[in-house]
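Labels run A, B, C, D, E and F following the written order; every chain starts at residue 1.
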Amino acid sequence: MMRLRSWLPTPGLSLLLLIVWLLLVNQVSVGHLLLGGILAIAIPRLTSRFWDRQPTVHKPMKLVLFFLRVVGDIIVANLQVARIILSPWRRSRPHFVEYPLMLEERFTITILASTITLTPGTVSANLRMDGKTLLIHALDVEDDATLIRTIRERYEQPLKEIFEC
Amino acid sequence: MMSHLIILPVVLPLAAAVILLLARFGAFTRRLLALIATGALLISCVMLVGKASQGEVLYYALGNWQPPFGIVLVLDRLSALMVTVTAILSMGCVIFACGGDDEKGSNFHGLFQLQLMGINGAFLTGDLFNLFVFFEVLLLASYALLVHGGGRDRIQSAVHYVVLNLAGSALFLIAVGMLYGATGTLNMADMARAVSVMDPERNGLVVAGALMLLVVFGLKAAILPLYFWLPRTYASAPAPVAALFAVMTKVGIYAILRVYSLVFGDQAGTLEALEQPWVWWMALATLVIAAIGVLAARDLRLLVAYLVLVSVGTLLAGLGMHSPQATSALLFYLVHTTLVTGGLFLLADMIGLQRGKVGTRLVKGRTPIHATALGLLFLLGAIAVAGLPPLSGALAKALLLAAADGIQRAWLWPPLLIAGLCALVALSRAGSTLFWRSQESDNTDDQLSGWHWAGTAWLLIASPLLVVLAGPLATYTEAAAAQLNDPSAIIQALLPTEEDAP
Amino acid sequence: MELLYAITTGVLSASGLYLTLRGRTFPVVVGLTLLSYAVNLFLFSMGGLTSNAPAIIGDSSHYSDPLPQALVLTAIVIGFAMTAFAIILAMRARGDMGNDHVDGRKAEDRGERR
Amino acid sequence: MLDTAVVISGALIALSLLLNLFRLTRGPDMPDRILALDTMYVNSIALILLMGLWMNSKTYFEAALLIALLGFISTVAVCKYLLRGDIIE
Amino acid sequence: MLYVILEAVISALLIAGGLFAFIGSMGLAHLRDFFMRLHGPTKATTLGIGCMLIASMLYFSVTQSELHLQELLITLFLFITAPVSAHLLAKVGLHQRLKFVDKTRGKPVEFLDEDIGGKPLSDSSDSNS
Amino acid sequence: MTLLWIPMLTLLGVLVPALTAQRGRPICTLATAALPTLALILTLAQFPAIADGEYPRVALEWMPQLGLDLAFRLDGLSLLFNILILGIGLLILLYAHYYLDKSESHGRFYAYLILFMASMVGIVMADNLLVLWIFWEMTSLSSFLLIGFWSHRSEARKGARMAMTVTGAGGLALLAGFLLLGDIVGSFDMQTVLDSADIILADPRYPLVLVLVLLGAFTKSAQFPFHFWLPHAMAAPTPVSAYLHSATMVKAGIFLMARLHPALAGSELWSALVAVIGITTMVYAAWFALVESDLKGILAFSTVSHLGLITVLLGIGSPMAVLAALFHILNHATFKAALFMCSGIIDHEAGTRDLSRLGKLAKAMPITCLVMSVAGAAMAGFPLFNGFLSKEMFFESTLHTQALGGLSLMLPVLATIGGALSVGYSVRLVHAVFFAEPRHAPPKHPHEPPRLMRAPAELLAALCVAIGLFPALIATWLLAPAVEAVLQAPLEFHLAIWHGFNLPLAMSGAAAAAGITAYVLHRYIRRFIRDFPSRNANLIFEGAVQYISDKAEVITEFFDNGSLQRFMALLIGTALLMGAIGLFQVETLTGPKGNQPLDGVLILGAMLLIFTGIGTAVTHRQRLLSLIMLSVVGLIVSLTFARFSAPDLALTQLSVEVVTMILLMLALFFLPQKTPRESSPSRSLRDVIMCSGLGVVIAALNYAVLTRDTNTISSFFLENSVPGGGGHNAVNVILVDFRGFDTLGEITVLAIAGLAILKLLNRLRLFMPHSDSEGRIWCPDRYPMILTTVSQPVLPLALLVSVFIFLRGHNLPGGGFIAGLITAVGLILIYMARGVDWTQQRLAFPFQPIAILGVGIATLTGFGSWLFGYPFLTSSYDHFHIPLIGDLELATALLFDLGVYLAVVGATLMILANLGKVTTSHRPSKDDSTPIPSGLHRTDISDTANPNPDAKETV
């Protein structure tokens, strides 16, 4: 186990790279598994010094669920935004919302910010330098409290569980 | 090794540069390596001359891909002569640079070798696009060497030099593209063959490509109205670099000679010698303007730069005469002028170093410490460059004048002779100001090292040597000109057809 | 199609050339870059304009001319190196001269000299 | 049917690119123009994919991949420039 | 038959993709302030591309009768990179204090004072230990 | 072969003083004299042969292409001159030994003198026109050095330059003349030329030849109107004047006329030109000699006058005239050298040469007085002295010539006037110095010079008398072969001291009377001419040279005004002209292939390109906007490549585009954000028209090529890509195999760019704005966290994609170059997101060696093929079957491509990272960036101490 750790300090990244490699070459053969495997081990080792700290996934299943939820939200969000764009007569209600962050780690904050950007009518506009507040621009919201609650429940909580426990 | 001789002038400097740039040597080792590399280059070039003088056109197929498909290096008398002149010149420059110029900035010797690689590649290649690549190698290396050591003047002239040459490179690509589009090939010999059998309907396309190419070569050669980058650039470059630049204009002249004698030689039908009128008239105009510039120069380095320009006009006029005699004469003149103007740039720097604040400006200044020796070298260089006997310039110029035929005389002789007179006036004024009209001073700060003297002497001694060897050299250039005059020989050598087979 | 293509290269060349005639280094460098795009398009097209026939040897029967493509590749790389040098030279010139005029002098100086 | 769909989709993407160009030219502020450029990059991916479908060739896929991976870096550079002036500090 | 259905699906996906891309670009073209315009391309376009990618995946998997999942990579890369562009652009918008429509609610300090947020978040080097 | 030694020994003599100068003057003088003496002896040893009518020749082949042989002859003419040159030269050497000051460098002086001597010997012995010309110009050079010997004197420098310029110009004319002559005759061989008078005179170019050759002769011999340099050459030390301006240099022109007499003289044009110029010079110069007040000035003008006399004789050209000319050459050399030496002695002893300060010296310097009187009498042409004889012959000749046709009668009259003036200045010279009362006291108290200093002058004076008394005995043996050489036929003559009372004697008498009268009256004459403005030739000449060089400067600045915009406009204009010329020869623009159909996307793409292309130009004053337009152009260009079946190009263009953008953004920070309005509307319009013109030409040419089919060499690459290069991607196989040499050059260019940029960044002084163009202070968030975090996974992904692109390149679109750029961009993203310091700490390698290593690997791949006996860069590939994995293809091209990859990564990072680094450590941090009024923060970075700035990069 120790040896595996030292060979494979970041299994998540290595797995990702292996999958990406197989997708790139678009075939699953022994040769490519081998080559992909070598690359998936070598590249993380080469680039590890450029990582702050690689995240550890505590609950992989939740991550998958989270991912699916985000994809779903993206589709919904797109439809919403499309509606807003296509119906200029409908009054949109833009809002700058200051979102107090619960998350602490840079990586998870980034995932959250990205998720917010990719999903319902929101863009993370500024992560303040103290890392405690995220300024969000929302295209059409009733009030900021609702938005904050939605984000907290749908994204931030799960992320906290997946990565920061 | 002998079978790879042709490529040595390109790969020797490249390998030397890689070694010089890769490892962190001390100054001594760097110099030693640079000297060894340049010496080896010189030896291989001399061997190439020996090989070429047997009269056969040889080629080296890179990657073993035969012409016209692969890139070839072509060895004939002309290319052998050009690389040898470059090697001799660069030897002087390298020696001189060891006097301290090389340590005024980073990577001098490595870049210098790369510059040599570019120049030699341009002289040897038989492929038009490969010529472009080597032009770029030598240009970029020249940019780097030009700004070596820094300084406002250098940077300023570099801006002009670089921008003009970048535009020139773009034009080069358009021209190469046109010629490829019209003839379907890049190998110059193959292009010559293609032009000879081409549908005349395409003539216009070929003419457009060829004339645009002439603009590019004219820019490198510094012909009117494209020469303006030259005086300031040459005057501001570090001395060993300026000296090496003496061969850079010759690359342009060589390219004109090579491309148009081969592709637009006698087999080209109506397109034969399409560059000739342009080159001829512009060369004469260049000669006149350059001679005026020589008179106007108020700085020794600028003066030498304008003298380079005079030599450009002279050489191109030789080219414009378009006869084997003229070509032979211009090649003789080329050898002379390259080495002598190179030496003068070095000498100017030595004089400048000794005169304190006034540098090379032609005003009253302090007496150089080694006034006698410097004065002697100056005399040598001035006599040679002004074309006065008994040095090589006189013979070269006489050869060119004698090569003019009929009405060409009326056009060539007056400007060429008067340019010589202008040089004489300007140089005598410069010499008397530098060495005679100076105030005595207790100047003991001798910044000249043995390297400086050796490098300068190496180049300037060439002039008397050329006088001694005038016969053999002229025989060689005559044969080279004859070879150029018969493009079918190169075409046959590179692209043997079935019926030629025994 | 050929006509439109040619017009495009012409317009790009003209725009690039116009910029190279400006008096400040930055537009000149931008112009040279634009010019090199135009030239690359020009050189590329010398092998003819071929749709859907990349020079990847397979079972296809006709291919585009690979030679101009290779030449353009080389030209792109060299162009990049040149652009890089030129732009940094422009910076250096500004540092040394104190202005970014291509002739290294300020507007008022040029007024005097004329 | 597929051909028609590709043509319609292509026309839509083309229109999108024109709209992007409009925003790029119009501004009014620099961020708008950069946003337009960024969108053009993304729309180009779509165009390349359509081209692959139209020509039944996967040769162009890497171009799309490269835009997806590297396209944003230009945007990042310009944004960094507007924020900090020096993009590598 | 299967092919017809597949062709219909692919066609539908393509047109949908084109539409989403177009809508996104339309948003960019005619929404009223920069921050609103930012929404259009970052979302609509991603979905548009997504649709097309799926179409492409289906198409090549069918025509070349082997599974083509490469397009997923493009999606992955876009998911990683697109939010960064949007985020930085928004930051620039805030930094330049671009005008926004009056009805926008919320008055972020970014528009009041340049110097905000206190100390930067600590680097990995110390959060690691 | 002995013959060759005469000039060669003399020439070698140049080295003797240089080698012996350190050993003291006496030894040096003696040693220096040795070789010329030997040469003189060798010359004299040839006399018997010459007297027999033979003349020895020697010729070595030198440069047959030019018709130049190292050929010498020694005929009577050469003999006469050689004796003068070497004989008088040796006397001058002795004289100079005493004349030169102790502090003066005698070694240098002697070396110049001998160089001059050798050049003269070369001229007179040359048996090839070009050899003659070579030595001719060498006399100009060595005289330049001699005249300028006292270089601290402005007069000397100016005089030297003037002499050099005038005689040098004449020399160039002479060269032209000789070349024409050689062309007419078909050889430069002297005898051939001399024997070809018929051909030469019949040739239409004869007048031109004559004028050119005479220009050479006249400038050298200081004939009117080229006489002006000679008086100013008197700034030279007197031995020089005595040598150059009496016996030798000025005689070179005379020699030339004599030498070419057989070839050129047989025409009326010759007589007219030569005689008229000669007589004009004679009278004109004599007049100035009379009114001159400087001792050497008088001698100088008198020299010019006497040279005119000789020229007249050569112009007349009858055998007797030629004899007279040669005789006068000999006589003039003797008395004039003596006179110069005496004047030098006087100058030396009295400290001045001004006649008004000299006088009554006869007592103090009796012997000098005697010598000078004798020589002066010879110059005046008084009986019993040698000058008398040749002058009588001169008068005689002028009486019998028809050279000037109807105007020939003028000749004797003018000759007599000249003779009178000659008497006048000669008398004045002697009388004013030795007998008249000085108007002002001389600066020094004079006395006789050292014995040996006087000796040369005494000897020459004695010769004057001896020849005057016994001409037949002393001169005939010398003159006879010389005349024969000039006339190319023997001449019977008898030199006698007395010819009875005849017309010439009457002319002499008249001249003597008039001359003495003129001297008596010369004060009035001087007063009379003082009313005319004096024209100092020196001032006029210097002024003219200055004027010409000022004008040259104006012209040069007119052409080269230092404006890049003009240079670029010229370049574009020339290209436009050249392209248009080709275009006009294209008969039908649309070729047989015609147009392919258009589609909407193509039109859209073209529209986008045209719009943004023009947009880049139009918006250039807002630089960032222009840049964004440019990057759209780049994007569409890469799409265009993809559209037209060039995926490799599309990929390359895309990745280069990103790097270029980053680079331009980096640079923009240090350059002004906006361009001021500069160009006038008319200038902009001119530019638009010119650029559109070239754009139209380019478009038309492009269209013409596109609509034609060309049979290209490409099919070879397509056919051989797989079997020959082992790759399916023909483009890549071309790059790494068929044309790998191009690629080697290309990565070399990249590496050089990196090195060059390092140089530019060294000691770069930067302007760093503390706010953006709108005046906003920069955002404090240096490394936005989201960017920082995202950059982490992007790097490994980029590396993975690089490997993918790299490996597939040989068979599918991709390759080392694109892979290298992707890697570099991935790393640059880290630099942008995290800053230089942070990144640099974690990048454990320097970039320069990587770039160079790349070039090195590519080169080594090339060398590798040598081992197998193949040319440089020959590729090889093979398939290996590995269990489980399958077929694996390995090609050396892949190794080459690895070199490309490394070079690209190294060079790109070298450029971008170093640029980024330079800026960072010197950026004013937020705390100390209180706004500076100028709006700029200027930092001077100096790290010159480290010659290799890249060294600091290693961590």
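General remarks:
Here is the rule we go by: contacts are C-beta pairs under 8 Å (C-beta built on N, C-alpha and C of every residue); 3 or more make two chains touch, one makes a residue touch a chain.
In this text, all values refer to a predicted model and were calculated from it rather than measured experimentally.
Distances from each chain's CA mean to the overall CA mean are smallest for chain B. Across the two candidate interfaces, A-F and A-E, the one carrying more C-beta contacts is A-E.
In terms of their C-alpha centroids, the spacing between chain B and chain F amounts to 16 Å.
Between the Cα centres of chain B and chain E there is a gap of 57 Å. Chain C and chain F, compared by their mean Cα positions, are separated by 38 Å. Chain centres here are Cα averages; for chain E and chain F they lie 69 Å apart. Contact with two or more other chains is made by residues 10-11, 17, 30, 34, 59, 65, 69, 71, 76, 80, 82-83 of chain D.
Residue numbers of chain F whose C-beta contacts span two or more other chains: 562, 564, 568, 572, 643, 647, 668, 698, 705, 710, 712-714, 717, 739, 742, 746, 749, 752-753, 756, 760, 779-781, 784-787, 790, 793-794, 797, 801, 812-813, 915. Within chain A, contacts with two or more other chains are made by residues 20, 24, 51-52, 106, 113-114, 124, 127, 129, 131. In this structure, the chains touch in the following pairs: A-E, A-F, B-C, B-F, C-D, C-F, D-E, D-F, E-F.
Of all residues in chain F, only 61-68, 108, 130, 133-138, 140-141, 144-145, 148, 151-152, 154, 157, 160-161, 164-165, 168-169, 171-173, 175-176, 179-180, 182-183, 545, 548-549, 552-553, 555-557, 559-560, 562, 564, 566-568, 570-572, 574-575, 578-579, 581-588, 697-698, 701, 704-705, 708, 710-714, 716-717, 720, 724, 737-742, 744-746, 748-749, 751-753, 755-756, 758-760, 762-763, 848-849, 852-853, 855-856, 859, 862-863, 865-866, 870-875, 947-951 touch chain B in the complex they form. Taken in their complex, chain F has these residues touching chain E: 774, 776-777, 779-781, 784-787, 790, 793-794, 797. Here chain C touches chain F in the complex through residues 1-31, 33-34, 37-38, 40-42, 44-58, 63-67, 69-74, 76-78, 80-85, 87-92, 94-96, 100, 102-103, 107, going by the rule given at the top. Against chain C, the residues of chain B that register as touching in their complex are 129, 133, 136, 140, 143, 147, 150-152, 155-156, 158-160, 162-163, 166-167, 169-170, 173-174, 176-178, 180-181, 186. Interface residues of chain E, counted against chain D in their complex, comprise 7-8, 10-12, 14-15, 17-19, 21-22, 24-26, 28-29, 34, 37-38, 40-41, 45-46, 48-49, 52-53, 55-56, 59-60, 63, 68, 70-71, 73-74, 77-78, 81-82, 84-85, 88-89, 91-93, 95-96, 98.
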